[in-house]
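Take this structure first; my questions come after.
The chains carry the letters A, B, C and D, assigned in the order they are written, with residues numbered from 1 in each.
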Amino acid sequence: MTPSLHLWLIPALPLLGAAINGFFGRRFSRQAVSGVALTFAGAAFLMALYVAARFSSLELPYTEFLAHWIRSGSGPHIFVAEFEFYLDQLTLVMLLVVTGVGFLIHIYSVGYMWEEGGFYRFFAYLNLFMFFMLTLVLAGNYLQMFIGWEGVGLASYLLIGFWFTKDSAASAGKKAFIVNRIGDFGFLIALFLLIKHFGSLNFAQVFTSVSQLPGEMAGFGLLTSIGLLLMVGAAGKSAQIPLYVWLPDAMEGPTPVSALIHAATMVTAGVYMVARSHVIFDRAPNALTVVAIIGTLTALFAATIGIAQTDIKKVLAYSTVSQLGYMFMACGVAAYSAGIFHLMTHAFFKGLLFLGAGSVIHAVGGEQDMRKMGGLKQYIPITFITMSVATLAIAGIWPFAGFFSKDEILARAYEANPAYWFIGVTTAFITSFYMFRLWFMTFWGDYRGRDSAGHADPHGHGGHGHGDPHESPMVMLVPLMILAVLSFVGGWVGIGGRFEHFLAPVFGEGASTVATEALSHGTELALMAISLGAAGLGWYLAYLLYLKRPELPQKMADMLGGLYQAVVNKYYIDEIYATLFVKPLVDGSTRILWHGVDQGVIDAAVNDAADGARHVSDAARHMQSGNLRSYAGWLAAGGAVVIAYMIWMGVR
Amino acid sequence: MSSLQVFILASVIKIVLVILILLTAVAYTVWLERKVVGHMQNRWGPSRVGPFGLLQPLADGIKFLVKEDLTPPHVYKPLFIAAPMIAVICALTSISVIPFGTAITVRGYSIPLQITDLNVGLLLILGITSVGVYGVALAGWSSNSKYSLLGGLRASAQMVSYEICLGLSLVGVLIVSGSFSLREIVESQSGHFWGFIPKWNIFYGCQFVAFFVYLMAAYAETNRIPFDLPEAETELVAGYHTEYSAMKFAMFFMAEYANMITVACLATLLFLGGWSGPVFGPPLLQVILPTFWFVAKIFVFLFIYIWVRGTLPRFRYDQLMAFGWKFLFPLAIANLVITALVVAYRS
Amino acid sequence: MLHLVLFLVFAAICVAGAVNLLVQKHPISSALSLVVVMASLAVEYLLLGAEFVAAVQVIVYAGAVMVLFVFVIMLLNAGEEETTKGSRVALVLGVPGALAGGLLVAWVLIRHSGDKAVSLGALPGYPKTIGWLLFHEFLLPFEVTSILILIAILGAVFLAAKPETPPAPTGRKG
Amino acid sequence: MVPISYYLILSGILFACGVIGFLIKRNIITIFMSIELMLNGVNLSFVAFAAQWGHLSGQIFVFFVMVVAAAETAVGLAIIIAVFRTRETLNVDQVNLLKL
């Protein structure tokens, strides 16, 4: 019996911070607010480190019971859900990523948000997000996970709409929330199916029951349905086709939020959930195939949109969608540990990219359009260096972190189906291209922002004046540097399959060991070379188009015409959705539900009932004449009737 | 003669005797009052008719009988006529349960000196007294005169209010003696304690507080000074009987004095031991003596009545009400509670 | 025989008084008819042996309650009753209803009360026995009614008091 | 000897007179008296039943009825005075504001 780790403290600490800042922060100074937020986020990180330090001495998986929650029914039909925490290798990885990156972004936010109104509100939300994310990660059953799942959605909604006076931010928040609801609906139905068939939501119990079932090799059975429904939930949360549309819009939130929630942690919850439910997916190959196809398509699809975006954060947003597609691809080919590996490295470099982008935006006074940047490397050298590391990492250049994880995924994809691999490599090329496009447009060439400076975001950093771009304060740069180091070395843990080996107890020995041995060393090296080549090609193309011959892109765009327009307009997906789903829904609601049901049936019923009551009362009120003697008359007559009735009934 | 015949004969004789005596007593109480008050005010009082004016009541009676009986216009006649009758009937009826002495024995038949002995004699007196209010109230109302109406209003309010105090003061006595029958109440007071003090309720039963309350309430009930507001001459021009004259007026007069005598009898019976007193001498004297003591006590009581009239001024109406509700009423209740506790303790 | 005669005589007075109450136009005449009814009812109680009830009937009803009525009639200077036609229901529905109800009850009483008769003073209600019952078996109701009386006194004082001035003496007749 | 039913019928007549008085009288004080008449009718039947069953509780009940009647009278007359002060009439047909 291992002594209690007090895992509950990890989510509880940020919750306490959120409560303090949320309830009393209005009266605090900015120093106090940031002090509280950093203390509790840091404390959570320290707890996570403590858990990691104790990790080797634990019996895994380690569960911790906190309190009774739901008890209903009895006997064989009992359904129990407790507040409990579940710790294994997967949880530990997520825990460290969430608390570590989260803590760094907290630090960064102090600098980034210093000038903003609602400072305490921001940190309260941020801490609240940490609480829900950690609840999600540490949950011991699906229901508790669902709390975290919904809670991070709430925090995301609050933070996207942080500048709620701006219309686009408010509607972006709503969009994120509503699209997520669609996914959550699938998730919930999956949970109901689990309760129906396994009578429990506890991970251990469900997985034990599931592992006794035979795999559904073909057809569409229970596990496939559950898997697909879980995938719907994951697609909503992790911005996969067809529910990815909210994530680009979510860039309306403050940049640290984009980094924390919409790049590093929350959007990976779907991946985590699929990986956590791998027992179910393992026995539902059809569902797994769907996951793989969705992931692959999303990766390619989002990457192509990323090419034509000019807003620095939009590029990163589509990049995130694309990278999440990679992760799902990995899960889809049952390479869960590769997916989680990429999740971790992606958290480092994408967090870094967003923070760097924030630093750039900060430097140029709130401008987000890359066409108005350029040549920033001499103004903001530290940001430039860290961003460069991150760009190399995401492009998959050796020996940066992204190389190892992406390579792992591509290798496993090749093994499963070369088509996946091919699309993956294509995507890697496109990724490299648009990332270097961003890099060149932002940091190289001449600064193009002077002539039009002053078009600053109303909520942006106008306070910094409109002079030359300037480096961010130290409090923002330190997290950048730390993340740059992690982006550089973070991939090394995967060398020689160490990371995979670490996670092996979770995902089972079979899948991983067999996989590594399946590919010969030569094939592996060839694959590596090809992906490196694709990355290099992307770099060269970007160099050519955006540094050497800056007039070329416009020409090419003119040449491509409609296709280019389609890409710029994100394939008109938002418009299609609006036509296909939103408008029919709104019109249908207006005509059928509002005019038809609400006004025609409900209101009409209420009004008719009231009218009827009034008419009856109009007739009956003459009885209530206000005259005492009339009342007495009714009473006497009624009394006579009662006496007659009693005599009739034989009461003496 | 059968015992029923004896009973009827005795009853008739007693009724006639009592009414005669009572009416005479009423007449001579008026004379007494005029005489005493006269002397208190350094006047002679009635002195022209007969020795010491003793025939004055007779002269008054003749005067009332032969005077013109005026009935003012606009009065409500049935009640205007009925009101004095109600008053005098109630006053005379209540005397019927008053015992005047021990029973006497005539030819072997024991005849109590009382028209009738009821279990609830005291209650009967209270009931009749309370019905007597109608005479005053209706007289005031039927006269169709504002003075009379005010007098009637005052009378009814005052009598209802003080009736409560009167009743409560009697309850103390009832607790001590444990009966509603006046005869039994008197018999419970015979004897002495500590050798010489008579066991009257006022002494032995410690009912002196109740006696005081009774005295006050009785003054108010009979509309006597200092509580004679219903007929206050200076304010209301004689109040409820302003419009009355001749024999009707005389009836109210008789009712008032009869009530005084009844109240005095009641006080004597309840508080002062009734006819109990030293009995000695020859048999005839022994028969007469109890009645003598009884009459003497009534006389003392009546004298106090007259004495107070000659001494005290009249209350204001709100003072009257405040005195009744805020002083006498709590006092009577306190007396009742203490008496009940003492009796409970003794038994 | 005497019993029956007395009963009939006073019942006749009683009914006459009740009918007179209905017929009379002036409230004070109605009030006096009611006093007559109550007084004759007291005699009926005596015939039934309830002497204490009879005495209390006279003291409370005739002596206090009805005096209050007379007092209020005098105070408000109530005049003759006007015959307004405010309520058709009372005449059309109420009076026949009341008569029908009364007849039905009378029919049931005559059919079912049997031949049991009471002699004069059949069940003497001596004050002592009544008091004993009141303070033993009916102690709680007795105390409750005392509270009721207290509340009624307060209510009457409050209701009849003129709003601006302290309670007038007229309000204290509870 | 008088049959109990005689008393009951007398009580019924009184009660019916009370009800009819309530119905046909316009003066609120007289209506109030009609209520008293009804109560008296009921009292008579209580005493009669006490004699029939040979138990005094019927008579005890009469006391309670009297107490309630007295309390009711005090409050009711106070209400009548209050009504008269505001409406300046005792005719119930004119005191009919309590309606729709």
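The rule is short, and it goes like this: a contact is a pair of C-beta atoms (placed from the backbone, for glycine too) under 8 Å apart; a residue touches a chain by one contact, two chains touch by 3 or more.
Keep in mind the model is a prediction, meaning the values are calculated, not measured.
Enquirer: Are any chains cut off from the rest when chain C is left out, and what groups are there?
Expert: Ignoring chain C, the remaining chains break into A, D | B.
Enquirer: So if I look at the partners of chain B and the partners of chain C, which chains show up in both lists?
Expert: none
Enquirer: Could you say which chain's mean Cα position falls nearest to the mean Cα position of the entire protein shown?
Expert: Chain nearest the centroid of all protein C-alpha atoms: D.
Enquirer: Among the chains, which is located farthest from chain C on the basis of C-alpha centroids?
Expert: A
Enquirer: Considering A-D alongside A-C, which chain pair is linked by more C-beta pairs in contact?
Expert: Most C-beta pairs in contact, of the two: A-C.
Enquirer: Would you mind pulling out the distance in Å between where the CA atoms of chain A average out and where those of chain C do?
Expert: Computed from C-alpha means, the inter-chain centre distance equals 85 Å.
Enquirer: List the centre-to-centre spacing of chain A and chain B in whole Å, with centres computed as mean CA coordinates.
Expert: Using C-alpha averages as centres, the distance is 105 Å.
Enquirer: Please work out the Cα centroid separation of chain B and chain D, and write it as a whole number of Å.
Expert: 33
Enquirer: How many angstrom lie between the centres of chain A and chain D, each centre taken as the mean Cα position?
Expert: It comes to 81 Å between the two C-alpha centres.
Enquirer: Any chance you could list the residues of chain C touching two or more other chains?
Expert: Only 52, 56, 64, 68, 73, 75, 86-87, 90-91, 94-95, 98, 101, 105, 170, 173 qualify.
Enquirer: Do you know which chain D residues sit against two or more other chains?
Expert: Those would be 19, 23-24, 26, 92-93, 96.
Enquirer: Which residues of chain B are in contact with two or more other chains?
Expert: Residues: none.
Enquirer: Chain pairs in touch?
Expert: A-C, A-D, B-C, C-D
Enquirer: Report the residues of chain C in contact with chain A in the complex, numbered from low to high.
Expert: Within the complex, chain C contacts chain A at residues 86-98, 100-101, 104-105, 108, 112.
Enquirer: In the complex of these two chains, what residues of chain C are touching chain D?
Expert: It is residues 3-4, 7, 11, 14-15, 18-19, 21-22, 27, 30-31, 34, 37-38, 41, 44-45, 47-50, 52-53, 56-57, 60-61, 64-65, 68-69, 72-73, 75-76, 78, 81-87, 90-91, 94-95, 98-99, 101-102, 105-106, 109-110, 113-119, 122-123, 125, 129-130, 133-134, 137-138, 141, 145, 148-149, 151-153, 155-160, 162, 170-171, 173-174 of chain C that touch chain D.
Enquirer: In their complex, what parts of chain C are in touch with chain B?
Expert: It comes out as residues 28, 32, 35, 39, 51-52, 55-56, 58-59, 62-64, 67-68, 70-71, 73-75, 77, 126-127, 169-170, 172-173.
Enquirer: Give every residue of chain D touching chain C within the complex, in rising order.
Expert: 1-10, 12-21, 23-27, 29-30, 32-34, 36-37, 40, 43-44, 47-48, 50-52, 54-57, 59-60, 62-64, 66-75, 77-82, 84-85, 90-94, 96
Enquirer: Considering the complex alone, what residue numbers of chain A touch chain D?
Expert: 621, 624-629, 632-633, 636
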